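After this come two complexes, each holding subunit A, first together with subunit B and then together with subunit C.
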Partner chain A sequence: MDTQVTKKKLGLKERYKLLTRDLGWEPTHHTRDEIYPYVKYEGIKIHDWDKWEDPFRLTMDAYWKYQAEKERKFYAIIDAHAQNNGHLNLTDARYLTAIKIFLQAISPGEYAASKGFARMGREFGGVGTQVACQMQALDEIRHAQTQIHAISNYNKYYNGFHAFSDSRDRIWYTSVARSFFDDAMSAGPFEFMIAIGFSFEYVLTNLLFVPFMSGAAYNGDMATVTFGFSAQSDEARHMTLGLECIKFMLEQDPDNLPIVQRWIDKWFWRGMRVLSLVGAMMDYMLPKRVMSWKEAFDIYGVENGGALFNDLARYGITAPKGWDIAAGAIEHMSHQLFLGLYQWSFGTAFHGWIPSDDDMDWLSSKYPTTFDKYYRPRWEHIKKLEAEGTPFKNFGLAKLCQTCQLPTVFTEPGDPTLTCHREVDYKGEKYHFCSDGCKDIFENEPEKYIQSWLPMPALFSELGGDIGAWMDWVGLRNGIDNGDYVGSQDQVNFDKWRGMATSNK
Partner chain B sequence: MAVTSLKEYIGVPRDTVANFNGKQLVYASWDRHLLFAAPFLTCVPPGMKFREWVEGPLTALIQPDPDAKSVDFSKVEWLKSNQAFTPNFEASLAENGIVHKEQIRFKTPNLNSLFAGA
Partner chain C sequence: MSNVFIALQTNEETRPIVEAIMIDNPHAVVKREPAMIKIDAPGQMIVRKETIEGLVGRTFDLQEMHIHLITLSGNVDETDDSLTLTWNN
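Right after this comes the complex of A and B.
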């Protein structure tokens, strides 16, 4: 019998090598092309997968330990929030409109990202990439779960949360985020990395998560702040992975540059369209506002984005094609979208409202050259219609963009008084777009986008225009989840419970 | 290349007229009247007369705008697919060449109450 020898403990470097890089082996029964059939068709040329840098050198066992730690802290706070009626610390239940949109549109995106990264972990040919993608897949599913758990507490007391997964698949305003992820997941592995790893995680995360989380903090939403914190260290890792991936592609072969640039152009524009929801949230939905959408874009978009593209300039990358048009539209996009969300609020699983006089004064101060000139007159007219007992509902439904799937609410570059009309005839069918950016994306790959499932046409092609049947199908309870906040169950209940918590009534 | 793919790939368009049970989509928008956040979607039979479409769904939909009562549809400037267009009010949508998913726009140059200051 051999004597038992105590094994020497492994050093970090050795451990990383054994648990990641050494997991890759050279196949003998099949060629690499057979095992990794999707890494070449997009045209990206990779010569040496080992050049992939893994900046965190995280091994799966260490990953597991960190995440378990965070999980314990997260659930301790969420439990405390639930047990102490944390929902009554909100500034106002109107705030929950932002959280409803987050749960219906963004959290399912985390789940989609998990599926996508799990696939990329299989499809990429290098072991460093595979492990990094696997960890991100786990992060993303954890984010989806923690968000759903954190927000589920509000579902006990307020409406509009119960059918979020049906909303994600079926309702109309979520399709901007859903189609973003569907588009990415049906692309090849490298484009997926630009779409999610680079555009979404790197370029847009600051503009999406930071405003949501600081909005939550400003409005007393401890549950959302907590999942934000719990996700933060993961996001740092994701951003680094996205940036590493883009540098890796650009360093491997000069032929990759034009392909990468086209993807950056595309995914920047698709990202801006998703961000229109964030803009509307920041400018209209937070009872206590953090900063205007324009201020956020100036800091996180112009300054940080500008620095990033300066950094990538040495590879030949230029700022995304639609950058100037997007920057020019910052003064208008949140107003144009919220006006739509209000007038179609009979079909939203959240409440809309007419901005109060205070709200409008705040908007004038943040948008001094545009709000009073273009948008206030419309709201004043809508207030008048409301006062006359004929509140404004737009039962016309809306033309949707074939690419981003938002209603075509946006105006011509340089003319905020005229809707941007763009159309293309392709194989005898007409297709409509909200912008040149979305039209360009379609024209690059028409065979993909002609298949878009557009919610509003589908109401007629699949349900014969029956709005009641549509509401059942999307999980929308008429008169409960939708319509004006004023007079809603959410408003009545919040005011009553808060009154019980803060007075003797 | 019409799509980046491993091999030849032909998509199936989702919103063809065959899926609309004998009807078709016609989009309508009133230029520079942005109380309405986006062009309207109407789903109507191709045999509907242009006049019926205008006096029916279109007239009903624009009512919330303060200029609605002052619109004289016989005098407005029409566009179809963003090109100037002279509709025959007594002919059907199909006879007017208004196909499925057609975008009709109309302009009323002297009416713009909600943009008076713009």
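Right after this comes the complex of A and C.
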């Protein structure tokens, strides 16, 4: 009798090697330099691409299998949301302000990331990198599509969602996220990986998708939790790719260290500035809150970021340049930005409001040394002006930072009563900045940032300063999408429809 | 020592995964937040296929975790039998 021999099954590491290896043939018709023209121009030296391995070792067959399962779960819940009055199960319709910002500023960023990773999958010379970038390009387009699809259910009932792609291109606060991605996509492949893989994925998405999505769950927004967690299930892989990329560059050549450190400094600061939007979303826009922006930052910024930089210290990496300044600004950034958004609410495709007494008590419990001292008195004053019929509204235009494109509303490090402002003269023009961090970034690459498209100058160069024409151009319907939440169509409709949904009137 | 962590969606499929992590990592701490579970552990955490299989009573591919994973922290090393998260500090 023949003995049956069972062939030993291949292990995960061997399968991954076999399923990626054949993509890595040696070219003969063209040199590697001709095929990968951008790999060397940033100054990063790579000696052995095979040293880059995806620690998750996800092969394409497994990738499709699990992604398909994620999609099935996602659409089951999105269908249930649409079928079961999901748009009325929210704590309050003002919550949707956060989701409007998400759709206008963040979802288009996912699409930009997809384009970026598709390009990087082509430009990197190593097989492991190419496969990981291809998967991430597919993930990112899935995120953009599922987010737009999930949020489209709200567009049927509420204002401010209908023109998100015009908002993304043209309105002012969205240009914060847009310029972040444009900056990354117009960089070289290795800098792109630090910008998106490290800053966006490792630092930003943890704060955006984890505590914020948990907050969406708390506020009854099944659609957002679903797309958020579905997207975030890919992010663990993305973060790992970002971390692997940093380690790979540092291990390949000691000359890479100063270049990588400079990118870490730059993209940490750019990430912090984008996060100010998330801070305002968490502290002010969620009617029911899971944790404050500061608490979230302590966990995912200070603790997790600190662990990462301690780990990278063995390569000579130090914490990013603006780290201490950022830590000091955490107490202030969400309050300063929301005060700005409130006063400029004529120009936002979402509503503003004055925090209620309950909201303010919660904020002072979360920011015990700063809120009552610096921010409550301002809101009390704004409340008084509102009651007197002279609401505190700013119909001027915000001065934007040339680098991060946020209005220059933030304060000096160490003095929250003094607005921080920096200027640089370059080739006969004056450029404005919100911080030393943004000024440093400009001064390192001035020829790049003088080409930035800024929304305020565009109002004059493209529309002759006509605010009405500008509103049409950005897709903002005056009196409907903008202004105060109190008395808005969104508020009136939510209250009316919820009444209809819970009674037989 | 820095904490590594893993966060999973709260659902029926992650219940045994969380249980298995707690069996294999007695030093870990579970935090239950709305719709998610976060598990912190100083220095290192290991997720073992065998422990999960013992709890679910079927074969379990560790890569199934990708469906429920929200985030993680630490250097990742994955084999067929285990997923390890480590900070080297």
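As a working rule, the second predicted complex is superposed on the first by the 485 of 505 C-alpha atoms of A that agree within 3 Å, B and C clash if a C-alpha of one lies under 4 Å from a C-alpha of the other, contacts with A are read in each partner's own complex, and residues count from 1 in each chain.
Criterion: a contact is a pair of C-beta atoms (placed from the backbone, for glycine too) under 8 Å apart; a residue touches a chain by one contact, two chains touch by 3 or more.
Every value quoted in this text rests on a predicted model; they were computed, and no experiment measured them.
When both complexes are overlaid on chain A, the residue A:398 reaches subunit B alone and has no touch with subunit C. Residue contacts after overlaying the shared chain place A:450 against subunit B, while subunit C stays out of touching range.
In the superposition on chain A, A:25 contacts neither subunit B nor subunit C. In the superposed model, A:340 makes contact with subunit B only, not with subunit C.
When subunit B and subunit C are set side by side, the one touching more residues of subunit A is B. Of the two partner chains, subunit B is the only one that A:430 touches; subunit C does not reach it.
By the touch criterion stated above, A:385 is placed in contact with subunit B alone, subunit C being left untouched. For subunit A in complex with subunit C, the touching residues are 11-13, 55-58, 62, 66, 69-70, 73, 205-206, 209-211, 213-215, 217-218, 225, 229, 232-233, 235-237, 239-240, 243, 290, 303-304, 306-308, 310-311, 313-314. Taken together, the subunit B residues at the contact with subunit A in this complex read 1-6, 9-16, 19-21, 23, 25, 27-29, 31-32, 34-43, 57, 61, 64, 66, 81-82, 99-103, 105, 114-118.
Across the complex, subunit C meets subunit A through its residues 2-5, 7, 9, 33-36, 63-64, 66-80, 87-89.
If you check the complex, the residues on subunit A that touch subunit B are 37-38, 41-43, 187-188, 191, 336-337, 339-340, 343-344, 372-374, 377-378, 381-382, 385, 390, 392, 394-399, 407-409, 411, 416-419, 421, 423, 427, 429-432, 445-448, 450-454, 456-457, 460-461, 464-465.
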